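Structure first, then comments.
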Amino acid sequence: MTTATLIRRRPGLAGIRTDRSWLFRICLGFVALLVLLAIVAPWIAPHDPNAVDLGSALAGPSGAHPAGVDASGRDTLSRLLVGARTSLLGPLGVVVFSTVAGVAVGLAAGWRGGWLDSLLSRGTELVFAFPGMLLAILIVSVYGPGLTAPVLALGVAYLPYVSRLTRSLVLAERERPYVEAYRVQGHSGLQISLRHVLPNIAPVVLAQSTINFGYALIDLAGLSFLGLGVPPLTPDWGRMVFDGESAIQSGYPLSAILPCLAIVMTVVAFNVVGERWADQVARRDR
Amino acid sequence: MSTTTEPHASTGPDAALDIRGLRLNLPGTARPVLDGVDLTVAPRETVALVGESGSGKSLTSRSVLRLLPPGAVAEGRVLVEGRDVLAMNPGELRRLRTHTAAMIFQDPRAATNPLRRIGDFLTESLRLNAQVPAEEATERAVRMLDAVGLGDHVLRRYPGQLSGGMLQRVMIAAALMGDPTLILADEPTTALDVTTQAEVVGLLDDLRGQFGTGLLFVTHDLGLAAAISDRVYVMYAGRIAETGPAEELFQRPRHPYTRALLDSTPRLTAPRGRLAAIGGQPPSLRQELTGCPFAPRCRLATDVCTERAPALIPVADGNPQPHLAACHHSDQLTEVTADA
Amino acid sequence: MRFARFAARRLAEMAATLLAASFVIFGAMYLAPGDPASFLLSGRSATPDAIKAINEQYHLNDPFAVQYLRWLGQVLQGDFGRSIEYRTSVSNLLAARLPTTLLLVAMALVLVMAAGLALGWIGAVRGGATDSTILVTTTVAVGTPSFVAAVLLQGLFAVKLHWFPSGGTGTGLLDTLWHLTLPAVALALYLIGMLARVTRSAMLEALGHEHVTVARSRGVPERSVILRHVFRNSLGTVLTMGGLIVSTLLICTVLVESAFSVDGIGQLLDLSTTTKDFPVVQAVSLIIVGLFMTVNLAVDLLHPLVDPRVTLGERRSAA
């Protein structure tokens, strides 16, 4: 089995290839811009994202409010900018957790085998039956709304995808001659796996994690949309879509459309970048 | 092995296949892949088309069914029963492919859809194109399977459940389904093991006689060509290098390439010795050709060979069938037996 | 018989995974801070009577294993306990809402299959500008979460154009279908994009096989060649996506039903999570996991029918 088939791709998205490198560049640029904006958001946001100005509620774009005002009289642009932080930090938490823990579990299972390996495959089976979103909802129903519990739940739900990938990569890597050479020289298994195996498998795992970022963003934004994610006042894109629903009903769709666009564009950008990396890794493999 | 069919004068409107000046250009190449090919197959005649891979022999046979690679531009005429295949409309082309000419492919495993039953494969072109009722088509399929020595239980099988030899028999049965006047066999034995090869070739020859079809047998195997065919065409770099009656061509080759091919073919009857490999490579499609395409590999080559392309001209007379060769020095070649 | 043995083994595996899932679903309430009684009652008046009642209903004084087995036994008999919020049996709640959700999922599934397969087919066969347009559109579709689609569709087709109702479930079959159209489209959009891409690449792969040329060489009309040899051969890949498609549809009903106020089990899961009505959360979770696993089992059993090369028990990798 090649690496390309192991990565849990957006199925069929592999069509975005070299001939569309302009798309990749645009998406990579968009991701970079987004991260930059999220970092500097508190300083460049024109208003306090929670400042309520009921007098201008649902107002259209103007000099003071370039992207209009939502139903509660809050500045949409400021909420979008500051909301980018929550909307990106959540998926980042999921991806970091699932990558670090998944690589650790996968390395151990691949290197040691035995009971750890069979436990991993059982766990993978279970998690595949449990959509990440469902696990997150289950946890929220126990702990109550908030970002930490769903991020951890999704981190757990995404972990097997990373660990399964890592395990198979480690199994392949273990057979390479250089590992035996290091072993003969008296290096310990832990040393070899951390210093030599890990760097070799990192690009594949990172491609997988980038694709996971898009999934996590969709799941977390969905939870916030349900009111189960971030606390009510925190600016967040999913939450903004929920708030914007009532504005849409009253015929002022702008405050809902903009966060919708932000979510779609971000997910698409991460997908395209991740898939492109996965393709490159697959090609290098061949 | 060839049956006692009376060789006809193999041109004119009564030929099963008559290719005239076929030239085929592919995008991104410097010279035509087929460069003025003339080839005929009379009714009930077996003709072998011999050449190395890349010589254009498969393309020639495929062009008879207008199975051209994307972007290919064809000139000349490909007449099947007197009608030009290259000028047919889609309906005529389908009728040709269903009823007039059929092809047997090299790898029967790749040529059959693994997800469809043999019965479906055999009958589909009749049912879908000629609107033959299913029962009638199945009846014919049973008869054809019987002709190739397979029982009707094969109808319910999937290709994956048959051996390569059985599957190639199925392919032959499929070719006969539409009662064609011409069968094109494109290296039909290359993918099979040796014992099966002989069976399949024998079967093909029998059925050709039984059903009265013309057969164009494409192969790289000279021994096989000699065994099965009435006449032979030897192809090199998209051109016909030599053609003539099978026996005469192998006894007295008049083109150095045919000669080199014969010398590089292992034979039990020949005295032991080193096989003479042909030095060098066939010309690439990326470079233009001036003169004889075989000149760089030819031990008889002189200045004229690199300057002027030799025409395909008669080299022997007194035969009912012409023996032609495209070589400036064909008179310098001696008989095989005297030399070996 | 080989098939029976294979089916039995897969059923046993499914039962084992379901058991593990039920354990997770039941055990989750012990992760809550504080004791289970106050968790189950959270937000509601915790009078001593109420605590006593909840202790009795859940047998919270028994050891954990006993509680779990008792709960499992009841679930197997179709008894999911009593809803704390609605003060009625969970099974009644589900019976009233499950048909709506199943209808919605079925409508979305039909849309996904029809549009996804058609777009994939057109993209693979036509190529050129049509293909590029489909690729770009599906790239966007695959990046559009169902709730975003729900809100945008609602804004355009319900609020602005008044073509469809902006929410609710309706009464009578026709009215219900009319009410569920927009939710079904919202639910389907992401999967249409995904399936179109999978179909497209599977068909492009199938187009390259020699038996396709052979079929053409035998005079089979082009449309039949595509249908019988190209499309047919990519169905196996589509089938392996079945489990993923259904589980995505089911879990996304939570978002879409909430957005359109459709009273199905998705909305019920959302409401009961907000109100911490844990017996209901448990029941809906179990149903979603169970349905997903059933579909996966069906896919595994059907696969040899679609592709005779597949020996029972091993899946061909989706190319």
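Which chain is which? They are A, B and C, in the order written, and residues in each are numbered from 1.
Here is the rule we use: a residue touches a chain if its C-beta (ideal position, glycine included) is under 8 Å from a C-beta of that chain, and two chains touch if they have at least 3 such contacts.
Because the structure is a prediction, the values reported are computed rather than measured.
> In terms of CA centroid distance, which chain is the most far removed from subunit A?
Measuring from the centre of subunit A, the most distant chain centre belongs to B.
> Can you figure out the chain closest to the middle, judged by Cα centres?
The most central chain here turns out to be C.
> Write down the pair of chains with the top C-beta contact pair count.
A-C
> List the centre-to-centre spacing of subunit A and subunit C in whole Å, with centres computed as mean CA coordinates.
Roughly 22 Å, centre to centre.
> Find the geometric centre of each of subunit A and subunit B from their Cα atoms only, then give the gap between the two centres in Å, rounded to an integer.
Roughly 59 Å, centre to centre.
> Between subunit B and subunit C, what distance separates the C-alpha centroids? Give it in angstrom.
56
> Among the residues of subunit B, which are close enough to touch at least two other chains?
none
> In the complex formed with subunit C, which residues of subunit A make contact?
Where subunit A meets subunit C, its residues are 1, 5, 10-16, 122, 125-126, 129-131, 133-134, 137-144, 214, 218, 221-222, 225-228, 238, 241, 244-245, 248-249, 251, 253, 256-257, 260, 263-265, 267-268, 271-272.
> For the complex, give me every residue of subunit C touching subunit A.
Residue positions touching the partner: 13, 17-18, 20-21, 24-25, 28-29, 31-33, 39, 135, 139-140, 142-148, 151-152, 154-155, 159-160, 166, 194, 196-201, 241, 244, 247-248, 250-252, 254-255, 258-259, 269-270, 272-274, 276, 278, 281, 285, 288-289, 292-293, 296, 317-318.
> If we count contacts the way the header does, which residues on subunit C are in touch with subunit B in the complex?
The contact residues of subunit C facing subunit B are 209-211, 213-221, 224, 228-229, 232-233, 236, 306-309.
> Given the complex with subunit C, which residues does subunit B contribute to the contact?
Within the complex, subunit B contacts subunit C at residues 62, 65, 67, 93-99, 102-103, 105, 107, 110-116, 124-125, 128-129, 158, 160, 174, 178.
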